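Written out below as structure tokens is the structure these notes cover.
Each chain carries a letter (A, B and C) given by its place in the written order, and its residues are counted from 1.
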Amino acid sequence: MDISTQNTHVPPPTPQRSGGTRKRGAGATRRGDQIFLGLSRGSGILLLVIMAAIAVFLTYRASLAISKDEGNFLTTFEWNTGLQPPVFGVAVLAFGTVVSSIIAMAIAVPIAVAIALFITHYAPRKLGGAIAYVVDLLAAVPSIVYGLWGALILVPHMNGLYGWLNDYLGWTGIFSWDEGAPRAMLTVGILLAIMILPIITNVSREVFRQVPQMHEEAALALGATRWEVIRMSVLPFGRSGVISASMLGLGRALGETMAVATVLSPSFDIQASLLNPGGGTFAQNIASKFNEATEFGRDALIASGLVLFVITLLVNGAARMIIARRKEYSGANA
Amino acid sequence: MAKRIDVSGLTAYYGSHKAIEDISMTVEPRSVTAFIGPSGCGKSTFLRTLNRMHEVTTGGRVEGKVLLDDEDLYGPAIDPVSVRREVGMVFQRPNPFPTMSIFDNVAAGLRLNGKYKKSELNDIVERSLKGANLWNEVKDRLNKPGSGLSGGQQQRLCIARAIAVEPKVLLMDEPCSALDPISTLAIEDLIGELKERFTIVIVTHNMQQAARVSDRTAFFNLAAVGQPGKLIEIDDTERIFSNPSRQATEDYISGRFG
Amino acid sequence: MSHAAVAAKRPSTLRGATLPNWSPWAIAAGSLAVAAGIGLAADLQSHIQWGLIAALLFLAGTYGIAARVEGRRQAKDRIATSLVWVAFVLAVIPLVSLIWVTVQRGVKVLDFYFLTHSMGVVADSEPGGGIYHAILGSLEQVALATAIGAPIGVLTAIYLVEYGRGSLAKAVTFFVDVMTGIPSIVAGLFILSLMLMFDMQPFGFAGSLALAILMMPVVVRSTEEMLKLVPNELREASLALGIPKWRTILKVVLPTSIGGITTGIMLSIARIAGETAPVLLLVFGNPFINANPFEGAQASLPLYIYQQYSQSAGSTAAYDRAWAASLTLIAFVMILNLVARGIARWKAPKTGR
């Protein structure tokens, strides 16, 4: 395209370029290249510096707070940064974050896998394509909108389900309900599930689409029904992809702030029942405590954010290891 | 148990594109029939209409009749899944299930079908692997993944998998095109043995192979690119390669074409 | 022959009894009717419960009927198909509700006045006011974030694809992946920790910095993918003409992939435009119009939605404004998405594969 016009205003390759004097002759060219390389390499280095800075600054501010903490930062069931001396710990937040994410995963993963299969293997091709497009767009809906919808629409609709769970499963303790507003962990988990559904569906769909035709045909030719084809060739091939998609969704659910902050009615204790309001998550706690927090209080919140950071790093690391394994595995079969 | 195939007036489409037109032929039981012809002549498409695999491709559609011992595969109330059980298939590239062991690969089709006792399953797997001339090479590593075998071994594993469910007909879509000469020879020997028990149809690009393994040969051709492929003639292999009745066949055989 | 025993286990015929094509619909209609009957009889208030009962009846009915008529394997196949459909319908309900409610409630107060006025003199519980200040804040913060994040992202991707070899490139690739997983609130806390060091008050640009951090990895990833699509022959053709590498990149590689890169950047803009958490920590929110992103608290659209919801003690007027702002935000994000995808599709044939 531009090559021909380039030729006119870039001097033709000089004889020096091919000789031992290349360095001197290509001086101008070299400088351009060096500046450009410098810029792009600099950007890469800047990214590394930012990552390092995030780790260093968060750790530093967190250490300021934790060093004055009278309670055990990891096991204390309190968040009183205003006390003298201050007492705070992340146990409740860790519990709430893990529980809400587990609920979200338990609901979202099977449904997302089913929808992905629906798009790739069940729906008519055009309908599947249209649905895939819509799911793509839904993944872009901002979390605050999910939060608003969750708080104003989903919460009132949960009463029936809560009552029903209480009636039939209340004896387990996990599903007992004291008739409070259903702003509890179960609602949070369901809302998170709805939020991460599009992203897990998208990634799983891509994986299922990549299943080599020949594996599916192998099963078909043996006289397998559609479901048996999926069980014999699609799911085994897609398993690690689905796992890493789920990890991506889990990362989102762990770090989600606004949807939890709008729906949950928090308290700093652990509720045995998923249906009774209370508890909290890292991100939600930061958002709701931030406004009233003093500088010290903010450092304490940063400390809790550091824990969240480490947890998400671990989850993402696990996802990446699984993806890397999958690459090796599919390479061996290519 | 091998069955005869009677095809009459068969036309297959991909969407609105007509891939093959008005094909009629008879495939004799306990024999090897080879399909030859230039690329794109529809011989693989035709093969896939014989076990209703063609309609799996999007837009794939078939008109005409395929009788398997007097029963029309495209008749009403025919379950394509049971058709594929009766008419097994081996593909161009060996495609063992990558996550399954050698044993599970062979047993895969049986397990779909119902419950077998462990000893029964062992017997069938051993018999099928022996039938595919693979038993001696893999008997000590039946629990290793099938993808660890060589290409030729994988293809014989796929043949073992296909014959384990005792189909009436075995379709082979260029089974040796991805293999080296020694593996090819092994498969060709195997085909010679299998025809004692099965009706075998093989698509091949390799005319020497057709001449070596088949009893009858069908030559397919197409008038031009984009035109549907047609059956030019089918006859005893010997006749096709020595004294074909159609000029196009002779041109193709003698290399004056494509 | 011993195969006979095996053969006997198979259905001897190709014919299998099959349910007619309309049977799933009939079973669905039947289970809906029965579920409604049970619902009425047991006086179940929630229609969600009716739906769940209907879904369960549908699954059980399908399995029972298919198992009797077609056999166990076909029944399993049918139940899988039904489950997939049920899952799809289950998922569609909340997502459709989300869009529907946002549009339906959003249009109530969304008008020209709403888009051109701030909340300056309007109490949160009163009707009136608008989102002009929030739109302005959002646009400024997102524009500044893009001005920082996009060039760094694109340059990093160029480094990785065109130059990157060795341990530095490996490290960058690894940490870009790590960065993708940073929760938005952690990015906010990072900038907050800097602001605490220098004793700064909230201002718009602080939010932009956090948003830029969230944007960079997304831009790097998408740009990388696009640059990798540029065929090597094109680069070699240019280099063979004696054109230096940097001009080759600027004049050959980038123009070829510019459509895809733009798409990636726009999608990442759409993503950060909806971020609330870092803005909450760093920009704080402000009912008045503040056009200067470098000084003083600003508003932003997502933050406005959150604050209208959380600070209004249940006032209907505030909820209406929150929905209208949500609709505006979704419209903005969706338009960005659609345009971006449009560009990708329009440019796709030219870049080839």
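The rule we apply is simple: a contact is a pair of C-beta atoms (placed from the backbone, for glycine too) under 8 Å apart; a residue touches a chain by one contact, two chains touch by 3 or more.
The structure displayed is predicted, hence computed values, not measured ones.
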Touching chain A and chain C alike are B
Contact tally winner between B-C and A-B is A-B
When centres are defined as mean Cα positions, the distance from chain A to chain C in whole Å is 12
Separation of the C-alpha centres, chain A versus chain B, in whole Å, is 47
Contacts with two or more other chains occur in chain C at residues 73-74
Residues of chain B that touch at least two other chains are 81-83, 85-86, 112-113, 165
Among chain A residues, those touching two or more other chains are 225, 228
So, in the complex, the side of chain A touching chain C is made of residues 1-3, 6-7, 10, 12-13, 17, 26, 29, 32-33, 35-37, 39-48, 50-51, 53-54, 57-58, 60-61, 110-112, 114-115, 117-118, 122, 131, 136-138, 140-149, 151-154, 157, 159-161, 164, 194, 197-198, 225-228, 230, 251, 254-258, 261-262, 282-283, 286-287, 290, 295, 298-299, 301-302, 305, 308-309, 312-313, 315-317, 320
Interface with chain B, chain C side, in the complex: residues 3, 6-7, 9-11, 13-18, 73-74
Per the touch rule, the chain B residues reaching chain C in their complex are 1, 68, 71, 73, 77-79, 81-83, 85-86, 112-114, 124, 165-166
So, in the complex, the side of chain B touching chain A is made of residues 51, 53, 56, 58, 81-86, 88-89, 91, 93, 95-100, 108-109, 112-113, 147, 158, 161-162, 165
Note: in the complex, chain A contacts chain B through residues 125, 212, 214-215, 217-225, 228, 232-233, 236-237, 329, 332-333
